[in-house]
Each structure stands twice: as structure tokens, then as C-alpha cells.
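As C-alpha cells, here come the structures.
You will see two complexes here that share chain A, one where it goes with chain B and one where it goes with chain C.
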Partner chain A sequence: MGEQMTRQNLQISSLLLVGIITFGLPLVLRSPTYLHILILLYLYAYLTSSWNLVGGFAGVLPLGHAAFVGIGAYSSTILYLQYGISPWLGMIVGGILAAIVGIIIGLPTFKMRGAYFALATIAFGEGIRVMVENIDYLGPFNLNGPRGLQIPPRNVGLTNLMFTTKEPYYYIILIMLVAVLALTYFISRSKLGYYLNAGGEEPEAAMSLGVNVARCKLIAMAMSSFLTALAGTFYAQFTLFIHPKSIISLDLSFEIAFIALIGGRGSIAGPVLGALLLRPVSDFSRIYFGATLPGLHLIIFGTVLVLVMIYQPRGLQEPLTRVYHKLLYRLIPEPAGTE
Partner chain B sequence: MNYIIEGLINGILMGSIYGLTALGLTIIFGVLKVINFAHGSLLMVGMYVAYWAVSLSGLHPYLTLVVVVPVMYLFGYYLQDIVIKPIFKAEREVREPITVIIVTTGVWYILDNLTLLVFGPQYRSIQDNPLRGKMLEFGEMLISVPKLWGFFAAIITAGSVYWFLQKTRTGRAIRATSLDRDAASLMGIKQYRVYNIAFGIGTATAGIAGVTLVPFYNVFPTVGVLFDIKGFIIVVLGGLGSIGGAILGGIIIGLIESVGPQFMAATWTEAIVYGLFLLVLFVKPSGLFGVRYDW
Partner chain C sequence: MKILELKNLTKDFGGLRAVDNLNLSIDDGQILGLIGPNGAGKSTAFNCIAGVYPPSEGDIYFNGEKINNEKPWNLCKKGLARTFQIVKPFSSKSVLYNVMVGSFANKDKRADAEKKSLEILKYLHLEDKKDIRAGNLTIADRKRLEIARALATEPRLLLLDEVMAGLRPTEVDEMVEIIKNLRESGITVFVIEHIMRAIMALSDWIVVIHFGQKIAEGIPETVAADENVIKAYLGEEYGVS
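Let's turn to the complex of A and B:
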């Protein structure tokens, strides 16, 4: 019992240490370039964790999440540009809008088998992109078609979610990431989490036990699309420019899924681990080899993805968790005679 | 009026070529029950093989079929054997392993970017092309000769694959595996060899599509993506696993693309295609000729 306590203490203190390091990092690391890379890393970890709610726990393969990023980015940006509404409010509006769209898309698609679901979400994401690219005015709202929208950097400050330095963005996305991880933790230990898991693994068995699999998946989808849209607003405010081809792109949808799959879908640490491993690869290969070896990071992504799927289909978090537990038991060994 | 007829004819010709590009997708799905996300990249590889065969040997573009088809067959055969088979073995219980989709997506990214790395991003088209801009004139209507040949290639390829599956011994083994892989294995059919062959045939048809495209289409590393998404739409429209359905689905998409712009902005036709695709998925996921239990 005592050993159990110390082991738990160790886990909590190591978590605290990670917390202190991540929150204190901007005090030490002053380079805007590195902060930029870290912000994008957290953003991807956040996006992937949101994706994981439906792609990991519900056991389907959604490949159109960029559409929700786009809905979030466009909602808050249009509300801010045309009506002067704070992006924080716009963020919530975008989230709700994305959740509604997510449910509308989920209703017919969750009945489909794996491959059809993946194809339907691709078509949905691409369809949204084509529409945004073709529409200049949606009713009173100015989407500005293929040219995208630019946010003039005026009235900088917290109320307008606009800053001249990188640090505030760093803390905002870090807090968002921690929040989504906490949410994932509670869901995975809730009834909903168990239902989702059961429905993802063995839908027929779960249904025969009275689990409303379709309803659980819809709830997961609504949460996932809501959270993804929030990141869309953050991204729009971070770059102050949204462009349909880059924000609602198939590449973004695929990258989110790749990071989750390599890190380990359906686990809490998987998406963070995936982002931690893959984002630096893509950033640094673009910085150092972008001109001489174009596409190198995507070759690495593809190769890692294929190898992980063949040798560690549950993602890289599984062997690492095993090592972590082994280390934990090595540090605080089981006293003889307790088991 | 002539415009509309010309549009219709061009739509059917281009559409049948779309069908040909998607043929391999439907063959592979029919047997392996997985959607090969790398299919567009295989088409791209086929186009590059054809391009280099023409450029280096100076052969007539269509004669490169002699090189392209066997090369692509072997490429597909060993791609399945080395990269995809381990997943099937690991997930024997699952009827439609989702992991395979992911692996083929990885293959897509590797192939596209490796091509970018080796050959660069530039658009290539064959020099001294005997078919460039060749047109048949019917009164005021113009019909592109390479597209007409593409139409015939699509019909002949689809017909021969169909004949092969129906009449030959290997074809029967492939069909048996497609219907019930366990029962087929019990009858002494080597399941994974059948998978390799089916993947090889699917890749070879992508090679044929590549040869018919090269005379009038530019070759570049991401050319496959254009046909990839279109291919998914075509095969679902026609019914996954159906060979005739792929050609017909292709023709439907071709007609929308060629006739649509006469009534609206050309970019909107793309939105219509996606809308139609989602509609088919929601209303009749088995498509025009698909089998109900496959979705």
C-alpha cells in the first residue's frame, strides 16, 4: 500500500514537472521561431486530441476534420470583421456551428462501414472547401471566395485575441491543450468512454447489451467537431489570415489523422506523443531541406506510418507506456511478499 | 446544339478514361475489400513509366504498353506482397481492415513525394508527340483523337478483365476469394497469392490508364491526387467491386464535368460531383451495381 502511494506520488510529481517546464518555457526560450514551432506543435496536439475523441474512441476513420477547422476560423473571423464581435465569442459560435454540422454529417455516415465512412468524410471536407472557394457572399456574410480573409492587426489585446508577441498565443493554446487532455481523460473513464470503446470494437455485441452505439458516436462527433472548430479560431487569430486552400485542405485532415495513428489512436497520450515526434520532423526538414529535398518530411511521415501500422498497430504510445511502467517499477520495486 | 453534342461526346470519352483510372480501385476492392488510397499514386507511377519509356526509346506512346503493363503488374504484386500482406495476416479476423487504408495512405505519401524528390515538381509532356492536338472533324464538331483511343482502351481493358475473371481458372479463384475468403482457402486457393494477383492486375490497369493519359495530359508528382478523389467517387457511384459500374460511374462524372460548364461556372461542377457522391453514399451506398452486403 505504501509503495502504491509513493509510485503515485512519483507519477504526480513527474506530471507536475512537465507542467512547470511547459509553462515556464517561454521565460527561458526567447526565440520567436522556436515559440512559433512550439505553438504549432501544441495546436496539432490539440487538433489530434480532438480528432481522437471520434477517430480514436469511436473506432472510425474521419478524414475531413479540416472542414471543422475552417468552420471555426471563418465563423469568428467573419463575426469580427463584419460586426466587431470578439473572437472569443466567435470561437463559441463557430464551435456550436461545427457541432451542428458534425451531427448532420454523423447521422447518415455512422451507419456506414469503415471505408465508406472515411470516403464520406473526405467528400464532405472537400465539398466544403469547394463551396467556400466558390462563394463570395453567403447571405450577408462575406467569405471572399478563393482569396480568403485577412484580419487587420488593430486593437491588439486579450479581448480581441490578438497579440504582437508569441507568448500569449503560447499560453492560450497550452491551456486549450491541457483542457482537451483533461476532458479526454474524464471521458475515457466515464460511461460514455466505455460505450464508445465497446461500440468501436464490437458494435453488434455492444448493441445487444443495450448500448446506443449510434447516439454515443454522435455525442463524440459533436464534441470533437466543437473542439476542432475552437482551434480553427485560434489559428485564424494566430496567423491573421485564412485561406480556403490551406485551412480546409485534405493535407491538414490527413496530417491530423496521421499524427493520431502514429502516436496511438484511442489513448490520451498518443496524440501528444505523435505531435511531439512528427511536428519537429516536418518543421526542421522544411527549414533545412525545404529547398534541396522538397517533400522529405512527407516521405518520413509515410514511411513511419507504414512501419508503425505493420509493427505497432496500436501506435507508438504502447511500447513507450510499457517502458515507462517498467521504469516506474524499477525505481520503486515491489516489496517481497505483497502479491 | 452542336456545342451540347460535342460536350456530350467529349464527356463520354473523358469519362470512360476516368473509369479506366478507377478500374483498378474497384478490382482491388472487389477482392481485398479495402479501398486502396494509393491508387492515384500508382496511376502517377504508370504515367512516369510511360513518359520515360517514350522519351528514352522514342517509341509511339501506345507501344509503351508492352513495357508499362508488366512493370506495373510486378510493382503492384510486390507492393501488396511486401507492404500490405503483413497487415492482412495480423488482422485475419477483420473483414475490412481499416489499418490497410492507413497503410495505403502512407504509400501514397511516400510515392508522391519520392517522385517529387527524384524528378522535381515540373510538369512534363512528351516531346515529338504524334498525337498532340490531333482532332477528328465531324462537320463543326471536333473530337480529340487520343481521347477516342482512351475510350477504346477503357472498353477493351474492362472487357478483358471481366472476361479474365469469368472464364479463366485464376479468375475463378479470384472471384471465389472475393465471395468468401475462408471458404476459398479451404478449397485450396492460396488467399494471399490471389490478393497479390488482384493487386497486380489493379495496378496494371492503372498503368494502362497512365499510357492513355500521357499523350494529352501533363505528368507531375501530384497528378494522382486529381484522379484519386475522382476515382473514389466513381467507384462508389458505380458500386464498389463492379467493373462495368466503374466505367459507367466514370462516364457520369465526365458528363457532369463537360456539360455542366455550359450552364454554370466550371468550378461549381466540382461541388456538384461531391454533392452527388454524398447523396449516393446516403441513399444507396451500394451504388448502381454494387452488392448490398459490401457496405
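Let's turn to the complex of A and C:
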């Protein structure tokens, strides 16, 4: 028992160490370019963790999550530009709106399985993009169609979620990421987490054991779309410019799924691991081949995905977790006398 | 008291009548055996009772309440649990995880569900396999896991669909003991089984169906000697020659 405690202590210490490093990084790393890359990395890890509630735990493959990013970004931006409402409040409004849309999308599509569900979510996501692109005014709200919306960088500060340096954005998205990781961790160990996994893997068996599979999936979808929309507001405030083609893009929906599948869907660490591995690929291929081979990163992702699915169908988190546990057990061996 | 009653239960699949005007009832605390040749409609009857398909005609009563169109998860909450003939474990998850899904039917906290599940695994002699991935279990253990999960929901009526198929004789004997113990603990058991030795040893009452229709019923000795039953089981072979 005493030995077990030290092993747990070691795990907590290494988590703390990671925490100190990530929170201390901006003190050392002064380059705005690198901070920008890290902010996007955390953003994608956050988005993928939110996606994971449905795509990982509930075992379906949603490919339209960019729509929720868009709902979040447009809600807070319109409320701020037209009514002067703080983006923090707009963030919550966007989240609630996205949750409602998520439920509306989920109601018919969760009855479908496999590729049909994935295709249906692509259709919804693209449908929302095309609508935004072609609507200048939605009632009183100015969407500005294909031209997108620009947020003038006035009245910067925390209340308007707008800053002239990268550091505040870095800390905000880092805190959001830690929060969503904690949330997925608790859900995965809760009744809802068990029910989602069971319903995803063997729906008939789950139903016979008392699981209302459709309702659990809808709850997960509502949470997932709510959380995804929050990131949309963050992104809008980070770039101060939103544009239907770039924010409600299929490219974004796909990248989230790639990160999840390669990192390991359904696990807590998978989305972070996937983002750590794939974001640099994305960034560098855009920087160096953006003009000559603009889709290169997606081709690389596709190739990596094929390899990972052949050799590690549960994603890269599995072998890495195994190595980590081996290391942990080597550092603190099992005390004699216990099992 | 009747815990389950089927009144003229009929189920059609397109033009095929899988269950045909079936009437039967089970007393609280009884073990009822349902037998019949392959394709007789046994599993279909179970699926209707458990809420997988609504009956085409007829009524199903559980504890005196009509449950014709009730959903499987609600039936589970009312105390009706079942196993699947083709086992459906959550393969990527551990044995304990599988059973905990069942335990959550009556528990909200993880710790309570885990405690309950460990008790059940112990009862079914599966506790030393609790951390094994369900997909890696032997067929005998998978069948046992089906029962463990169903028991975890704390049922009053348990439907067992061929839980002994594919087991070795010693494993069959163990399973017979397990089912008898379940009845001792107050659970009513409705069992489909092809292994005659087991069904004869277990059942208080046996119903025989053929092409969806009831052709005989009675205590095991009577059914075993029934001419219609013998014909139904041997008929196919005579027909071929």
C-alpha cells in the first residue's frame, strides 16, 4: 500500500511538472511566432477533447464540428460588434446555441450508424457554412456573408477578451484545455461515461442493461457542441477576423478527427498527444509548402492515419501509455508479497 | 403470482410467422424451460418480451402490467434482464467494466457500482478475471459474463438464451448449479436451452414450441415422453431419409 502511494505520488509529481512547464513557458519563450503555434496547438487539443465526448466515448464519427466553432465565433462576434456585449457573455450564448443545434443534428443522425452518421454530419456542417456564406443579414444580425466579420482592436483588455500580446491568449486557452481534460476525465469515470462507451460498442446489449443509448448520445452531443463553440469565440478573439470559409471549414472538422484517431479516440490523453504530433506537421507544411502544395498536411495525415490504424488501431496513446506504465513500474517496483 | 404472461403472442417477419399465438405464464420463483428445434422462434419470443421487437399481435404482461411497446432500458429498470444467444460483450473493456454497466442501472456512484459488480463476479467465480479484456475471454467465460451483467441490474425475472451452448460437460454442470442458486436467491428464471440433460435437471415446467407454435408443455418427465415432442425433434432426420 505504501509503495502504491509513492507510485501515485510520482504520477502526481510528473503531472505537476508538466503543469509548471506549460504555465512557465511564456516566461522563457518570448517569440510571438512560437507562442502563436503553441496557442493553436492547445486550441486543437481543446477542440479534439471536446469532440472526443461524442467521437470517442460514444463511438460515432462526427465530421461537422467546425459548424459549432462557427456558431461560437459568430454569436460572440455579432453580439460584440452590434450590441457591445462582452465576448465572455457571447461565448456562453454561442455555447448554448451550439448545444441546441447539436441536439437538433443529433436527433435524426444518431439513429444512423458508421459512415451514414459521418456523412450526415458532413452535410450539416457544410450546409451551415453555405448558409452563412450566402446570408448578409439573418433578421437583425449582420453576418456579412462571404466577406466575414472583422473585430476592430479597440478597448483591449480582459473584459473584451482582446489583447495586444500573445501571452494572455496562451494562458486562457491553456486553462480551457486543462478544464476540458479534467471534465472528460471525470465523465469517463462516471455513469454517463460507462453508458456512452457501452452504447457505442454494443448498443443492443447496452439497452438491455438499462442504457437509453440515444439519450446518452444526445447529452454527450450537447456538451461537446457547447464546449466546441467556446473555442470558436476564443478563436474569433484571437484572430479578430472570422470568415465562413476558414472557420466553418471541412478542413477543420477533418483535422479534429485526424488528431483524435491518430492520438487515440476515447482516451483522455489521445487528443493532446494527437495535437502535439500533428499540429507541427500542419504548421510547417503550411509555412513551407503553403504556396506550392496547399493540401500537403492532409495527405500526410491520411498516410499517418493508415499506418496508425494498421499497427495501433487504438491510436498512439496506447503504446505510449504502456511504455509509461513500464517505466513507472521499473522506477518503483512492485513490493514483494502483493499480487 | 404470475410474473410473466404471454397472451396469443405473435411475431411476423414479413411473410414469416416466427412466433404463432403463443400462450404461457411463469409463477414467481419458478424456472421455466423453453425448448424447440432450431428456428422454432424461441429467441424471437425472448426478443419480444425484452422489448427488442413489439409483438405483431397478442399481449405481454410483466408483474400484471402490459409491456407490449416498452423499451428495453425501461424493462430493465422494472426488473427484467436478459442474455443474448450470440453474446455481446463490450469487447474492448474489462470484465469489471462490463458488469459495472449493468450495476449502474440501480447505482449512480462509481464506487457503489464497482462494489456491487465485484460481489457478482465473486458469486459467478469470475473475480480473478475482472481485469481481462472481455474480448479475450473463452466462450464459457463470455456466457458467464452475460449472466453477470444481467444480474448486476438486480432483475426479478432473468431470461437466459442458450447460456450453455458450446460449454464442456463439466462447465454445463457448473452452470446448472449457478442457475439453481439464482432461483434460491429469489430470481425467476426463463431459460432457452438445447442441452436436454440441463433443461431437464433445471426446469419446474417446460414449454415446447415448433414453427412458432406451442406443441407440448408439462413437467420434464411428461414432456420427454410426449410423442409430438419426439416427432418434432426427430422429424427432420426422418424426413431426410
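Note that the second predicted complex is superposed on the first by the 330 of 339 C-alpha atoms of A that agree within 3 Å, B and C clash if a C-alpha of one lies under 4 Å from a C-alpha of the other, contacts with A are read in each partner's own complex, and residues count from 1 in each chain.
Basically, a residue touches a chain if its C-beta (ideal position, glycine included) is under 8 Å from a C-beta of that chain, and two chains touch if they have at least 3 such contacts.
Computed from a predicted structure; not experimentally measured.
With both complexes brought onto chain A, simultaneous placement of chain B and chain C is permitted, the two fitting side by side without a clash.
After overlaying the two complexes on the shared chain, residue contacts for A:Met309 are found with chain B alone; chain C is out of touch.
The larger set of touched chain A residues comes from B, when the choice is between chain B and chain C.
Contacts of A:Asn212 after superposition on the shared chain: chain C is touched, whereas chain B is not. Using the contact criterion defined above for the overlaid structures, shared-chain residue A:Glu318 touches neither chain B nor chain C, since it reaches no partner. Judged by the touch definition given at the top, the superposed model places A:Glu202 against chain C, while chain B stays out of reach. In the superposition on chain A, contact of A:Glu167 is made with neither chain B nor chain C. After superposing the two complexes on their shared chain, the closest approach between C-alpha atoms of chain B and chain C is 11 Å. Put simply, chain A uses no single residue to touch chain B in one complex and chain C in the other.
Put simply, chain A touches chain B in their complex at residues 61, 108-109, 112-116, 118-120, 122-124, 126-127, 130-131, 133-134, 250, 254, 257-258, 261, 293-296, 298-299, 301-303, 305-306, 309-310, 313. By the touch criterion stated above, chain C contacts chain A in their complex at residues 50, 52, 71-73, 76-77, 81-82, 84, 88-93, 97, 100-102, 104-105, 107-108, 110, 113, 149-150, 152-153.
Across the complex, chain B meets chain A through its residues 29, 34-35, 83, 86-87, 90-91, 96, 98-99, 101-103, 105-110, 112-114, 116-117, 121, 221, 225, 229, 232-233, 236, 265, 267-268, 270-271, 274-275, 277-278, 281-282, 285, 295. Those residues of chain A lying in contact with chain C across their complex are 189-191, 194-195, 197-198, 201-202, 204-213, 314.
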